[in-house]
Structure formats: C-alpha cells, structure tokens
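Structure in structure tokens, see below.
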Amino acid sequence: MVAILETKNLGITFGTHQAVQDVSFSVEKNEFKSIIGPNGAGKTTLFNLLSGQLKPTKGEIYLKGQQITGSSVVERTRLGIGRSFQITNVFPNLTVLENVRLAVQSQAKLRYQAFTHYRSYQKFEEKALHWLHVALLDHKENTLAINLAHGEKRKLEMAMLLALEPELLLLDEPTAGMSLEDVPAILQVIKKIKEEGDKTILLIEHKMDMIMDLSDRIMVLFNGKLLAEGTPREIMDNELVQSAYLGGLYDEFTSQS
Amino acid sequence: MELFINLTINGLATGMLIFLLAAGLTLIFGLMSVLNFAHGGLFAWGSYAGVWLYLLTNSFIAGIIGAIFIGILLGFITEKWIIQPVYGNHVQQILITLGFMIVLSELLKVIWGPNQIAVTPPAYLTGSWEIGNILIIKYRAFIIVVGLLMYGLIYYMLKHTKIGLIVRAGVINKEMVQSLGINIKRIFLYVFMAGAAMAALSGMLIAPYAGVIHGNMGMEYAILAFIVVVIGGMGNITGSILAATLVGIIGSFMAYYVPELSLAVNMLIMAVVLLFRPQGLFALKG
Amino acid sequence: SGSSSSEQSSEEGTIKIGVLASMTGALESYGKQTTRGFELGLDYATDGTREIDGRKIEFIIEDTETKAEVAVQKATKLLEQDQVDFLVGSSSSVDTLAVVPLAEEYKKIFVVEPAVADSITGSEFNKYVFRTARNSSQDAVAGAAAIAKKGVKIATFAPDNSFGHDGITAFKEAAEKLGATITHEEFADPAGTDFTSNIQKIINAKPDYLFVVWAGANSPWNQISDMKVQDKGITISTGAPDIAALKTMKPLVGMEGFSVYYHDLPNNEVNDWLVKEHKDRFNGELPDLFTPGGMSAAISIVEALKKTENSTDSDKLIEAMEGMSFETPKGMMTFRKEDHQALQTLYSIKLENKKGVDYPVPVLIRELSPKETAPPIRNK
Amino acid sequence: MNSLLSLKNVETYIDQYHILQDVSFEVPAGEVTVLLGRNGAGKTTTLRTIMGLNPPKKGEVAFKGAIMNGLPPHDIANRGIGYVPEDQGIFGALTVEENMKVAMKKESDDVMERMEWILNLFPDLKTFWKKPGGLLSGGQKQMLSIARAYVNETELLLIDEPSKGLAPIVVEKVMHSIQEMKQKTTIILVEQNFLMASQIGDYFYIIDDGRTVFNGRMQLLREDESLRRKYLGIA
Amino acid sequence: MLILFTQIFIFAIFAMSYDILLGFTGIVSFGHAMFFGIGAYCVSVMLKHHEPTMLLVTGAISLGVLFSLIISFVVGLMTLRLKSHYYAMLTLALAGLFLVAAEKWRTLTYGNDGFTFQVPEFFHDRLHFYLVCLVLMVIVYFGLKRFIQSPLGRILLAIKDNEQRAESLGYQVLHYKIIASIVAGGIASLSGSLYALSLRFVNTSVFTMDITLDALLMTIIGGVGTLIGPVLGAAIIELAHHWLTGLAKVHWIFERWLILFGIVYILAVMFFPNGIVGSVRKLVSKKEKKEDVSTSENIVKEG
C-alpha cells in the first residue's frame, strides 16, 4: 500500500510553546485513522499543519509522495485535502444551500467563470441539496447559516466537507454538540464514505465508542508528541492512555457498549 | 545642531497636538471600534465653545473647562442617539456619523456665524524663550506638557482599571460581557463621553496654536487623527502618542529639507508604515 | 443651442441676472459680501428703481457651495431654466473656471467677481468673460509696488496650491521688474498647522522683506510672530484680507502691504453711499473686502445696458463693454479691451491699531492707480 | 417544591421566528436540572431567554419568586446567575488572565478562593495564563468558559453543553466538579452526553420543537429504555 | 433638469462600482476617488490637447479605464492583504498621494484651479450626453448584474462573509479581491471620464476624499450589496441635494439647509438600516415569512 499522507519530524512552535513536536506518521490510502489525546495536545494544530492553515517550523509533509510543506491552503484543497473545523466555520450570512453550493462549485473547479448566471449550473444545486440530505439538514436549505442551532451548524460543516469530495478528509470533532440520536446517522455516513473506497479519513474525536467503532488505527498525541499508535484494541489497553486520557469513564464506556 | 533641536522641538509640539486630537479617537475608534466621522465635529464644538468662553471671560482656564463640559455633553448626546443604534456596524456608522458631522458643523455656524475667529494664547503663554539660537515657543511647551499629562491619564485609566479590558471584551462579544453582570451600555457611554471630552479639549487647545478657528476645521483634523490611531496600532494609546510624535517630527524635518514632499508627508508616512507593518506600528498583542 | 430661445425676450420684458456665489462652504463669507454688494449696486445704478427704461431687472442668487460640479449645475439651470441674460460670480476661482465655457456656449456675458485666478482672463478666456474683480497679477503688482525697489531682497511664503503659486509667480515678475531680487520661495501645506520649519528657512535666507500670499482658514501669523521674524530685521508684507481675517493679524501691526478694499480707503461718493447704505440695511455692519466688487459688477451691467439701449444682445454688449469705464466704490474702473480685465485702483497700506476697533486697520499710504497695477495681458 | 427558578408558558421570538412555543419548568434549589432534546429543539434559546439575551414575549421567568421578564442581561446576571454559553464566548484578543478579570466582580478572598479551586481543576488555564484566549485549543476554551462563570458567587449556573470538546478524563473532572459546585450553586445543564447527564442530573426536562414535552427525575430516564428511545432516540 | 439627471447617472455608475467592493466583496476603500480622478484627467487632458472628436473621447475613456485597470491591479497586489481598517486607511493614503501629485503636476493639471476643455460637437447638445450617460448606466448595471450573479460573483459574496473559509474551500481569496477591485476601478474610471465630460472642466477635486465619500454614502443609503441600491442612492442624494438647496431661497431659515441634509443621513440609518433596497426587501420577506416560519431569505441573494 502507498502512503497517501506522510509527515516527517513535523513540528511547530508558538513562541516557546512547542505545540507539535517531531511528529512522523503516515496514512495509507483508504485508511481510517483517528487521533486522540488530551485537550491542548496539539491535534487541531496538527490538522492546521496538514491543511496549510499553519506553516510548520520544522519537518515535512508529503501527499502521495509529493512534498506539500510549503503549499498554501488553496493548493492543498485543490490537491484533495478537505477539512472540517472544530470551531464551526461556515459562511454565516449565506444560506445553508449557498454554503454547500460553494463547496460543490469548488469541487467542479468552476472558479473564474464571470459571464454566465450561476443558476445555469442547476446540477450544482441538486448536488448541494443531496449533501444537505446526507448531513441530515433537509428543509434547512433557505435558512441563513448564522441562524442555525449549534448542532445544525456542525452538520453544515460536515456537508460542506463532503461536498468538496476530497480524497483525504480531516474531521475535527465532527459530532461535538450533535444530538444523541443524530450521531449514529452521521457515523453511518462516515462509515459509508469509508467503505465506498477511495477515501482516506483522519478523525479527531473525544468520543471513544465512536473511535473504537470506526478506526482502523489510532494515534495518540500527548503534549505535541506522538505517544502511541496502534489498533484500537492496542490503544485502549495502553495504560498511559487510560490513566492520562480516558480516566475512569473508560470503564463505563466498555460496560455500556 | 540648533537647527536640529529647533526642528525637533517644533515637530514634537506638533506631534503632541496631533496626539491630543487622536487621544479621544483612540478610545472611540481604536478601542470601541466606532468609525466616528463626527469626531471632527466634537472637536470643532470644543473649539468654538471653549474659545467663546475664553473670549467672554478672558480666562483661558474657563475656556478649557467649558470645552471639556461641552465635550461631555455632546458625547452623551452622540452616544445615546447616534452611536448606540449602530454599534458593531461600520457601514451604518459611516453614514450616521457623517450626517451628524454635517449637523454639528452647520449648527456651529448658526450659533457663531460662518466667519473665522481669531484666537491668541493668554498672555502668560504668549511669546517664546530664546536660549542661544534655540527658540522655544511657550504655547508649544505648554502643549507638550498637556499632551504628556493626557497620555499619563489615559494610560493609567486603561492599565489600572478594568475599563479598558471591559470595553475590549465588549467589542468582541457584547452579550457575553452582559452575561457576566456588566452594564456594558453604560460603560460604552462613559468611555465615549470621555473620548468626546478629549476631542473637545484638544479643539480648545489647538485654537491659540493655529491662531484661528473656523467652521470646517473638524474634518481635516479628524483625518489626521484617524491616521495616527491606525498607524499607532488600534486602541494602543502608547502607539498613538509615538505615531503622533513620529508624524510631527518627520513632518517638521520634511518641511525643512524636502519641502516639495511636505504636502504628501502624512499620507506617505501612513502608506509606508502600513505597507511594511500592516498591523500598525505598535499593535496590541493578540 | 439654448441661446436662440431667449433671443425674443432680449428686447422686452424683465432683464434677468444670475448670480453665482458661495452661500455655504468654505468661502461663504465672500459669497455674502458679493451678493450684498450686488444688490446695493443695482439699487445705486438704477436709483433704487431696479429698472431701466421701464424694463425690470431681476437677479437670482444660486449657491455654488464652493464646488465646481454644483456651480456648473446651477449655472446651467440659470441659463436654461431661468434664461438669464447675464451671469455674475463666483466666490471661488475653481467654480468660475468651470462655468466660463458655459458663458461661451450660451453666449451670455459673464461678469466675474470676485474670483481671482489669472487664467480666467488668461488662458481660459473667452470673449463673454468680463472681470470686475482684480486678478492675482494685480494683487502681485500692488504687493510689489509696496516693497520692491532696487537691491531689496525678498523672500516669499505662500500655500502650496494654485492660488499660492499663481500669486508668487506674478509677484516675482512684478518685483523683479522693480529691481528687487527674490532670494527664497517657500510653499507650505495649505491645510497644515505647523509652519515653523518653513519660517525657519525664511529666517535662514536673511531677506529684507517677507512677502506673504495667504488665504484660507488657518493662518501663519501667530507663528511668524512667535518665531520673532520681525525682530530679526525681516519686514513682513502681505495683502490685507477681510475683516474677519484681519483679526488674526494682530501680531502684524506696523506691516506695510496692499489692500483691495477697506471701507475707509477710497475717497469718493460711490463709496460714501455704499458705506452708509450698507450700514443702514445690514444693521450697522460695514462693507467688507468684496462688497464693492459685487456692487461694481452690478454697476457695470447697468452701464453696459444703458450703452446698448437696453439690448441684451451679447455681441452688442461686448462691443459696449470693451474699454468701458464706470464709476465704482473704488473709483473709476475700465474693462481692458484685450482681456476684459477691469483695471482698478488698489491701495498701498500699513496696518495700524485704531481706537475702538479690535483688529489692525489698513491705513492708506497711497493709492495705486489702475495704470500702475495693470497686469500683463495673458489671454493670447 | 422549593424552586429557585421557574418558567411558565414561556414563548420566545427571534426576529419573526417563533422559537420557544411553550416552555415551562421548575428548577429546584441545590439540584442539577438537565435539559435534553435534539438539535434545534430550543435548549440554547431557553437558556438565553433566562439570561435575558432573547427576552420572552409571553409567559414568565421568575427567579427566587421575582419575575425577571424584560430585565437587561446584566441585571439578571447580577441577581446571581452565571452562564456558560455553548460557543464558549471567549474574548479571543484578551488573555486568559484578562478573560478572568473581566468576569470577576470583585477581588475578595472568597472570589480568589474560587479561582484557586477552579484553576486547580483546569491546570491548563494556569499554564496559558498570559495567552490570548483565542489561541487556546477547543477544550481549553471550554474550560476557560466554565472557570469564568464559576469565579463569582452565583446561585444559579446555566451551562450549555460543557462536555463538548473535552477529553474523557476532563469530562470526568467536570462532572465531579459540578457535583461539588452543587453544594453551593443550583445548576441547569444542557447536555448531549447522556452518560454525563444521567450521572449528575437530578431532574430532566425534554424540549422538542420549542416545547417542554416530558420531565421527571433522572432516575426514570436512566432506568426506562423505552422512554429514552422515545424521547432521545437512543438506547 | 438634464444636467441633474446626467449627474445622477454618472454617480450611479460610480456608486455601483464602489458597491462591487463594499457590498459584494466586503472591502472598505477610502480611496476610490483615485480611479474616478484618473478617468477624469485622462479625458480632460486628451481633449485639452487635441481636436475634440468622438473617436478621441472614446479612446481617452478607454485609456483611462486601461490605466485604472493597471493601477488597481498593482495597488490591489500591494494592499489587499491588509485587514479591514488598515486597508481602508492605506487606500486613503494612496488616493491622497494621487491628489498631491495632481496638485503638484501643475503643467499638466493646472492644479486646483483646473482647466476647461472642448467637447465634441455631438455633446454640445446636452440631451445627447444625457442619453449616452443613461445608456452607459444601463449597460453597466446589467453588466455588473451578470458579473455578480456569475459563479465568480457568488465567490465574492462568500469572501465577504468569511475569507478564511473561502480559502479552505479552494478559492484563492487574493485573486478574487483583485478581480473585484480591477472591475470596480475600471468602472469608476469610466464614471470619472463622464463626470469630466459633463462639466467640461476638471480640477484636483476629483481626487478628494469627498468623491469617495459620495460613493460611499450613495451606496449605503441605497442599500449595500445590491446594484439597484447605489443607483437609487445616487438619485436620492442628488435630488435631495437639489431640493434642499432650493429651500434656501424659500426662507432664510433654510439658509443652513445642509443641516437638513445631515438629518436625512441620520434618519436613513434609523429607518432604513440596511439601505432603502435592503430594508424594503427585508420588509417584504418578513411578510412572506409570516406563513412560512422555518425559512429565511438571504437579503443579498439577488443583485
């Protein structure tokens, strides 16, 4: 198998604070890999490095063998890296439909067309509606994003990412704040995407049951360092992970599910 | 050498004067993020009301107090009726404050007539000291002192009380500040009034410096104040005083050595600063 | 195109005059002076009837707001809608320049008052333009006459804009003709507040005289005095402005310069009438810098109409007005044939304190005759 | 029942939208009341209505027997109500320290003591004391928001989804701390993490489509799977 | 009053170009007069020095537009990375520098006094010029409407709303901002050319802050983020201006009619917070929503 994504000694320092240190890992094509770790461990920062929001102070990033360390967010998006944001990040004053339509439009590489009417691209709208349906946002298409409830915004975030149809999905706590009953449905979507093949997924989550259920492999980030990597079982049995990350809740998780 | 000192002192005085103008705007624009185009109006009102009292009573101090008073009063009215409905919306702020600016400067002419009014400093601040070839104009020395005092006052207010913090927090998230039990409306009102009072005071102080006051003086000076607040770094009072001094001193030297460029000097400084330090010279952390 | 329709009214009915002036904006005090003067002038020239030979004379004042585009709009309105026979104005050179081509297009006489730019009767001249106001060059000649002599070294100080540069260029020419040398020219930001660097340079140039051309709200006088320019043996000279601005010139008492008008400088009947009538009508106020100009403009129009026997035909009027002399509060004025600039008296003056007056008063040294102040002809 | 806060037939509009249609509940003093419901049900709006941020149009909100309808938010806060909003409401450009300072009404011993306690609970905040709040990690922001609301003495704390974004071990800490806070403060909790909600909640109300549709003691929900399935869509 | 309406058309074009920046890309510029002035001077200088023919006028206008395109490209490249206030102030500075340059380059511009020039025979009839301006306004309106309703226009709106998010959807934000400012600059230049032609005169005032503020006010009053808004705004401001100056002659109490003008601005914000068009739309959509509670209309959806 080829590694679709690979990092070498990746690191970033803010002032004196080393948020990510010497992280080397690779993700195989079609792999579902989760990242866990305490708050402030550097998970989101790692995503920011991968998607280009931040430039590393050290190390390299390769996408399909190609060095992308210096590429911009835009370039990486166009190369097939898509991400969702932990702190909801949408177009607040546009409608839900327009939010997703913009993602569809980008996916179709229609970026500098200034002379036709946007409605002449009917299929974009259809596709956008499709993704809204997938993300459980039916009937919300004409609402302004700013007026959505928090959980609905998370779904919109998800829909936008899906609409980009990236090869590599970076999901940053997609279900935080989603209703209990909706989480399984979203998981279903993620699972389906994974199973349909050709997508690679990196997921940050704190919901252990979900991680266990979905992941092929798990990485544990601790104080910016890659502490452990392995199959879900291996990680769960790691004592350090148990004591420093999971705490007592772990028992209840296992007993519940 | 003497020339150097003379130019520096004069530049410094001009800088302080600009700082006085900008100080109120640092609060209103820099801190509260209100694009107050009526600032020049407040300034002109301070000028006219203060000068009127000064000429009437022959007491410069009375003029200053009068200016501050009118500034506070106008600040109250402006905040309540003009600014309050448009916090957080720059586009609306531009329109409404420009409208109010017109009203203020026209009302000025209704009350005091359209003619310019000549003002001289009080006797004890007239003239200059000459030390060797170094010439220190008394009124300028006075301005420098007042400028420094004002800086100290605002600095203290922002550093040693929570007001600065609360205002910054309020601009970021008003609801949250309210939810913490703070009457942000009232604090905004007070800070605005303080800013307006400073504008009015600087209007009064600039009158004897410029020698005349006139109905349209507001806008010109206000633009200068905006420049200083921006290149100093928004909301940073230390930045404002340094930027103002910079503008004053560079202006003074340019007028002497490169007079061809002196028309452009303020704009040039601003362009250069912003191109090379886009966040202003002394941006607030964060 | 608009001219043909008004042709019919030219022999009969009311004669209409459109007056463009700054009634708001930076120059509104000038606008007030001109319009008051114009009204008085009309009454004076028609003995209060506002009629000649039974034809009524009417005037319409329009505010240019000291903005060129508004001036053009208002002028067009006057010419098309009101179908005026004459235009008069305006307070700003810029507004006036913008209107000059309209006079030509509509073939109407445009009496320029009090705009000062040389180019109005110079490069931008057309035959419909007549100017009762003095121009920058006349000011300059008068200024030079007051101080320039052989061997005198003069430094100049002016705002860095058209007005300043025009004034200094003209002054330099006039002063050098009289044998003086200009040792230093200093231009300052017209919107500036700090002129000390400029003044410093002037001091360093060590001239005998400092000739200042200044207009505008902020003034350099305090700073000139604070920097002890006079103590350093440099004599200051400038044109005396209107009363409001004279108040800013207290530090310059003793200065010798020139004046366009101050109410007790001219000594003639027209002026006496003006001062008295002005006081009567405007609760005791005195006529100011540009009041006599407004009056002169009105008088010139009435005189011209008398000469054409009431015809408002522009060609006839031009013929009548070229070389025409008429009595004004400033004595006899004559429209020079070549460029339609009114040659007029200016005054060499000294600023003195006067009891009961809270500003320095221009006191006459001598009258500068129209011939003496005649500016060069520049419209070719 | 000795209720600290009560909502009676509250209806709230945002602009022209009728968001809360009929919300009624009682919050007994010294207990934890949990609001449950799907996304967009109106839980957050309910809390905002109590805070006066979205004032009710009809019905009444009474705190300690006094009706609070129409009071400005700061007045409501000053009556002893603290609020942890769902988006944390961090002042991003202000440091952690400054965020806390804005919140502190006074710097009395009591307040300092509470601060000490809460900082020990979330040592991350101490580590990043001088760091702008906007640069904190998602979980750290959540901690700061909780700390900020807790530092003043309050009689009632409204907490909107505190567990979201927190690592399991921190969730556990928050749960314990809420249990500890309970000694001094009454709490209304909105929570999607049923595990947490069921463990620390005493009472629950289920909101759906802007109405309170069901309520009871938490035990009921813990024990009855069919109820859970019916109202929460989970087993 | 032909000339009044001509001015309205010209300023409508100018304000529309401004709205491309303010309303559709979220860029606040205090230096838009820069392009207006370039257009004005281009035409004026050409006509001053050459025989005025229609061909020359067309050429001069195109030249002005071309200059503006180049300058807005360069300026955009330099400045558009800056954040809101700083960008606004930088454009103010650059426009200020153009003003000083015009003031200083007296041999060409005659400074603040300015100069007059001849226009082609065809324009001597004001009706012709009026019609030309009207037609151009309509063309610009529909042209821009198409532009903002294109897929690219949608992206501009997205950038206005959340730059960073647009970037992570794969849109190169800077490119779009530059495109927007080039379009706005070119059209502003066109309006500047027409303005000079309408006055047959030009001076440095075309570069002043007042010109930018005019565009700003017209756009805001009419409705930011709509194209019909700036047109309405231009009409309202020019007509109100005309009407209020007229009042000064009705009674001396209106001598300070400018106060009323200021009050108009204030009332506009109070009663039409989203501009005339925006507020009317909101009202209409509110009425519609009475029946359908769950949806809401995006007020900037249509141009």
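In order of appearance the chains are A, B, C, D and E, and numbering begins at 1 in each one.
Simple rule for what comes next: contacts are C-beta pairs under 8 Å (C-beta built on N, C-alpha and C of every residue); 3 or more make two chains touch, one makes a residue touch a chain.
Per UniProt, the chains are A, D = ABC transporter ATP-binding protein; B, E = Branched-chain amino acid ABC transporter permease.
Being a predicted model, the structure only gives us computed values, none of them experimental.
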item	value
Chains contacting each of subunit D and subunit E, listed by label	A, B
Longest centre-to-centre distance from subunit E, chain (CA-based)	D
Of all other chains, the one whose Cα centre sits farthest from subunit A	C
Subunit A-subunit D separation of Cα centroids, rounded to whole Å	28
Inter-centroid spacing, subunit E versus subunit C (mean Cα positions, whole Å)	36
Whole-Å gap between the CA centroids of subunit A and subunit E	43
Subunit E, residues touching no fewer than two other chains	103, 256, 258, 296
Residue numbers of subunit C (touch at least two other chains)	160
Subunit A residues counted as touching two or more neighbouring chains	147
Complex contacts: residues of subunit C adjacent to subunit B	25-26, 28-29, 32, 160, 186-189, 191-194, 196-198, 200-201, 217-223, 226-228, 244-245, 247-248, 250, 359
List of subunit B residues in touch with subunit E within their complex	82, 85-86, 89-92, 94-96, 98-103, 106-107, 109-110, 223, 226-227, 230-231, 234, 260, 263-264, 266-268, 270-271, 274-275, 278-280
Subunit D residues touching subunit A - in the complex, by the definition given at the top	14, 17, 37-41, 44, 86-87, 124, 128, 135-140, 142-143, 161, 164-173, 192, 194-195, 232-234
Sites on subunit B touched by subunit C in the complex	3, 6-7, 10-11, 13-14, 17, 114-118, 120, 127-128, 130, 135, 137, 139, 206, 208-212, 214, 216-217, 220, 248, 251-256, 259, 262-263, 265
Of subunit A, residues touching subunit E in the complex	51, 53, 72-74, 77-78, 83, 89-95, 98, 101-103, 105-106, 110-119, 121, 139-140, 142-144, 147, 160, 164
